[in-house]
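Paired with chain B in one complex and with chain C in the other, chain A is shared by the two complexes that follow.
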Partner chain A sequence: MKDYIKYYAGVDIGSVSIKAALVSNRRLIATKLVASGASYKDAAQKVLYSVLVQAGLDAERLSGIVVTGLGSESAPFPARQISDISCQAMGCHYLFPSARTVINIGGQFTKVAKITPQGRVVDFLMSEKCAAGSGRFLQVIARILHVTLENIGPLSLQSREPVEFSTNCAVFAESETVSRIAEGARAEDILAGVHRAMAIKVAMLVKGVKMEPDVVLMGGGGEDAGLVLAIGEALGTRILVPEQPRVSTAYGAACLAELDLAL
Partner chain B sequence: MKPASIQLDELYVQRDKHAKELRDSGKKVIGYFCCFVPDEIITAFDMVPYRIQGSQNKAIDQADAYIEPMACPFVRSCFNKALKGEYDFLDGFVAPHSCDTVERMYNIWCQNKPAPFNHLINVPHMMGPSSEKFYRQELDYFVKSLENWTGHNLDTGKLRDAVRLYNERRAVLRALYDLRKSDPPLVLGTEITTVLVAGMGIPAAKHIELVKQFIDEVKGRPLPQTQKLPRIFIWGNELDDIAFIKLVEECGAWVVMDDLCTGTRFFWEDVPETADPLDGIATRYLYTHCPRSNVPQTKTRAGDLENRYSYINDFIKEWVVNGAIFYIVRYCDTCELEGPDLREYLNGMGLPVLMIEDDYSTSTIGQLRTRVQAFLEMIG
Partner chain C sequence: MEQKEQTKTTAVKGTDMARKVRGLVKNIYRSAHEAKAQGKKVAYMMVSSQYDEIIRAMDVVPIPTENYAGLCAAKREMDRFLLKAEADGYSQVLCSYARIGLGFDSLRKELGGIPEGAPDGGMPTPDMMLGSSAVCDPRYKWFQAAGRYLDVPTYSIDVVWPPVDADLKAVRDHYIQYQKEQFQGLISFMEQQTGKKLNKERLWETIRLSDEAWRLWYEIDRMRVAIPSPMPAQDHFSVMVAGYYYPGMQEAVDFYQSLYDEVKYKVENKIGVIPDEKYRILYGGGLPPWHTLWIFNYFESFGAVFAIERQYRAYDPVEVPSSVKDPVEFLAWRSFLRATQFYEKARANSGNPTVERLLGMIDRYAIDGVVFHACRSCRATTIGQVHYKNILGRYTDIPMMQLVSDMVDLRDYSEAQWKAQIGAFIETLAGRSAR
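Right after this comes the complex of A and B.
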């Protein structure tokens, strides 16, 4: 019986982490996430192997693979390549059919797309070569404050007096953070301030594509409760976040492999 | 004799080679910026006009000691080449006040790398009768300054000949663009850019000859694959390297039309043949469709947009375009501020738009791939 079920994989080769998702009939069966490191090829092979092992499948049982993300060119296996904007849209669509606007805050870029009720992209915007609207910004600040990435969100939510950042530039914000520490600002207030500054940047992209609810936040940024709250406040709307925000683009890629759409 | 396509490829790679050969044979070569310096006038003085370009595939490694890195990277790249002595072969340097960066760069350039002849042409920003008079006067100053330097008076007969010669080149280039109208187009976008850039540093007569031969070559070769792909219009400023257009075509599209400083903007419209050829030249160059210029206001938003962009509407319809990509060299205020209005106009026609800001560097091409790919998936 099991032989008649078809399986599809999506592999998202990002700058910070590489993700794989295994689906069958759009149902998520297994996921794997590893740090990208220096060899995207090895890591991509590893995550794909891992989801197959989790499901107890041989590679031959895969009916299709879609590879996406900044490093998709370096996929070490034959796969169809689709842009991460289309993949995140489709992943978002199957996770939240009511979604019309999807935000993806990744390590390198923030991407915002307007989508149709069928999960197709109508318009999109990406943060330019600027770290202030991406996960990299948070990493920089967390490093200065000696806070682990997982603790950024919970700590930020405790803030009572968020620090006001006068710059939207990640490089200047680094020195501004140092000055604020010197002035005695608390870590939670600095983090909440950073979240607000980022949210303003992200909100400008969202407004650029003319936001429509529901709004979904995916990517690593979705794991940061402080950031989710700040973006919701900046946009004045409820933000939906999937259970595993970092693998949702890989999930969308797997769904596209299964749909075999002509894009 | 090598086929024209090979000769054009070689001229595209070694852009100054032919100009240097001409200079060694005794010709004077006049370098200039942008689309507002009439080639006709320089040619009428028996000199070779040379359009100054930068190098998108080389880092800017000297200019930042003189100007801030947040200035236009195209102009910085050109100046960088000058500082390295790569423009030492120029006998003249002419800048129009096309944008503020070029205008100020004139002073910095002349201060650090003066050519034997230097001249700045003031170009008014509003297209209209009073500006025509003003610009006509500026061209008189330009002619006088050339007369003083060369010791020869302008020969009106030669200027008339030059007008006819450049109009012939415009006609030949438009004929080349006609080959992009079919589906699939007979010429690739990368080939078009190669042909245009190759012609920026050689006499028009030679360019005309090469383009004619190239058109014959294209007509004689087998038809390209007939796969249905989106047809793209590119709008922006200086795109003198094929890298970006190559990326778009590699992602699965045909680049079929453009409005670029290195494309239709510099050659599309003819110079009208007037009794005094300088009158026709002034009119033609003043009405160059550069976002640095503005048109008289019509008092309605729709009227203003139509007034500014109806020529693009014609491009879109005649070349059957499915999507527009704005490729803007970073810090180009004029393009960045023109973008939103043009986007509104094109979206109003039902045309999707992708706006890209880039660093005038081929090293960023990889990062742009996602955007281009997603855009093509969206409209495909």
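Right after this comes the complex of A and C.
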């Protein structure tokens, strides 16, 4: 009976990390995430191999692969290419069937999509070619504050007086952060201020697609509890976050490989 | 979805006539250099300023500075001019057409001649500069700023139109009279500069030729409702050269007649731009990305053809009352009627003339999706796009997308972002077809 089970993989080649998900009948079986590094090809091969090893499978057992993300053209194995917005939509749909709006905050861009009850994209918007609209903004500020990415969220939740940033530009915010540190501002207040600035930008995108609940936040931004809180406040709604927000797009890609939809 | 490697900047054209436009463009600058060598007057000018026929009737050879900026971008030869203007203190948020023009003039002054390798031999030094307020304010101020590098006289006219809720009957005569006075001021200036009086018969002739060219162009676009699409938007952004840079000349009429014949043949024989047309796209507005026109072919690789566009054919033919016997008054009337031709429809429906034009195109051309291009340094064609998209959303549920870059400044463009957006847009169109 085991021989008749079909397996599908999704590989999300992002600018910061490369993720893979293995599914069967939309059930998540294995995931792997590695830093993108200098060679997308090597990293993509590595994550795919890893999920197969975790499941005890040979590559021949895969019935389909979908590759997505900014570096999807670098995939070193034969795979169908689908845009990350469609993959996010489908991943979100299977994780939260009630979702109608999906936000993905990644290393390069923030993407927002309005989706149908079937997980199809109706409308979408992307942040501009600007670091302030993406996770890169947080990386820049965290580096100055000597805070690890994992600690940004918990630390920011301790803030009592979030710093008001007078700019929405990551470059200017970097110098503004240095000024605020010199003035004695606390790291948690600076981080909470960054979250608020980002939340305002994200909320503008979400309103641009005419938000409908439920709203789901995926991507690296979903791992930052402070950012999730700020976005929820900016939108005045509850934000749902998957258990593994960074691999949700890869999971959606794997689901699309299984569905084999005409796109 | 399969994706294809793209290395070139220009687009593969759909029609033979569009492929011939390069010659027309080269001729603009060659003619200006020749005229200059022969002691004739040449003038910097702004496209779509409603004064083209006057320039031709005065036998002044126009140099369209905005077109030159687009040409530089298509040749990827714009950076040194942009950087020079910025080094001279012009902000990166100023119109990039203006920055290229100002940077070119600055370099020419500094080098004492046309910068080496400037596309199409560069622009000769003008004898006068003719600005206008039509479309945006940089077009009025640009040539005044260029006075920093060029010791030649400048004259800018005001081109006006009423707000959409104005009582047209009540304001019409005032607007036409004002516009006529603006043209008369320009004519006096040009007469002074050339030492020649305007020949009104000659002006009537240029108007006749210009209107005939635009009528043919309008008829060509009407044929583009055909499925499959006989002529794509990237061709439009080439063939516009005849309408905007050769108005009042027989060359424009001949060009559009040949294009008309070609498009008619394609329609009658069902010859499409691509073999398998799946989606028909409307280019909803924004100046074209001159630096990356192959992007239209990228859409085509997914079966999506830009069937029609709103940019660069701003008006349909209008009928000036036969009682108008003076050609300058005719130009003023025509300008007013062109600017207000969608007002009545707008007042009866969405309230916005641009939206009315887009809705009409979506309906007539069987459009599946709309793409806008937001240009960071062009407020005139970018502001309003989100608003149009929102109003359109009340009347249609077809997917719409806004790509962001600039018309000529490549620093505002991200290929990875565009490809990601286009991929998702095509999938949204496909998903909609599947529902």
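Convention: the second predicted complex is superposed on the first by the 263 of 263 C-alpha atoms of A that agree within 3 Å, B and C clash if a C-alpha of one lies under 4 Å from a C-alpha of the other, contacts with A are read in each partner's own complex, and residues count from 1 in each chain.
The rule is short, and it goes like this: a contact is a pair of C-beta atoms (placed from the backbone, for glycine too) under 8 Å apart; a residue touches a chain by one contact, two chains touch by 3 or more.
In this text, all values refer to a predicted model and were calculated from it rather than measured experimentally.
J.: Report clash or fit for the pair chain B and chain C bound to chain A in the combined superposed model.
T.: On the shared chain A, the partners clash.
J.: Which holds for A:7: it touches chain B only (first), chain C only (second), both, or neither?
T.: In the superposition, A:7 touches no partner, neither chain B nor chain C.
J.: Give the label of whichever partner, chain B or chain C, reaches more residues of chain A.
T.: The partner that reaches more residues of chain A in the superposed model: C.
J.: Have a look at where A:40 lands relative to chain B and chain C in the superposition and call it first, second, both or neither.
T.: Touch partners of A:40: none, neither chain B nor chain C.
J.: Who does A:137 touch here: chain B (first), chain C (second), both, or neither?
T.: It touches nothing on chain B or chain C.
J.: Using the touch definition from the top, say if A:82 reaches chain B (first), chain C (second), both or neither.
T.: both
J.: Give one of first, second, both or neither to describe whether A:94 is in contact with chain B, with chain C, with both, or with none.
T.: neither
J.: Across the two complexes, find the residues of chain A that touch chain B and also touch chain C.
T.: After superposing on chain A, chain A residues 70, 81-86, 120-124, 126, 128-129, 262-263 contact both chain B and chain C.
J.: Inside the complex, what are the residues of chain A that reach chain B?
T.: 70, 81-86, 120-124, 126, 128-129, 262-263
J.: Would you tell me which residues of chain B are touching chain A in their complex?
T.: Those residues of chain B that touch chain A are 352, 357, 359, 364, 367, 370-371, 373-375, 377-378, 380.
J.: For a test of understanding, state which residues of chain A touch chain C in their complex under the given definition.
T.: Touch list, chain A to chain C: 70, 73, 80-86, 108-109, 113, 116, 120-126, 128-129, 208, 210, 261-263.
J.: Name, in rising order, each residue of chain C that touches chain A in their complex.
T.: So the residues of chain C in touch with chain A come to 1-3, 386, 393, 399-402, 404, 412-414, 416-417, 420-421, 423-428, 430-432, 434-435.
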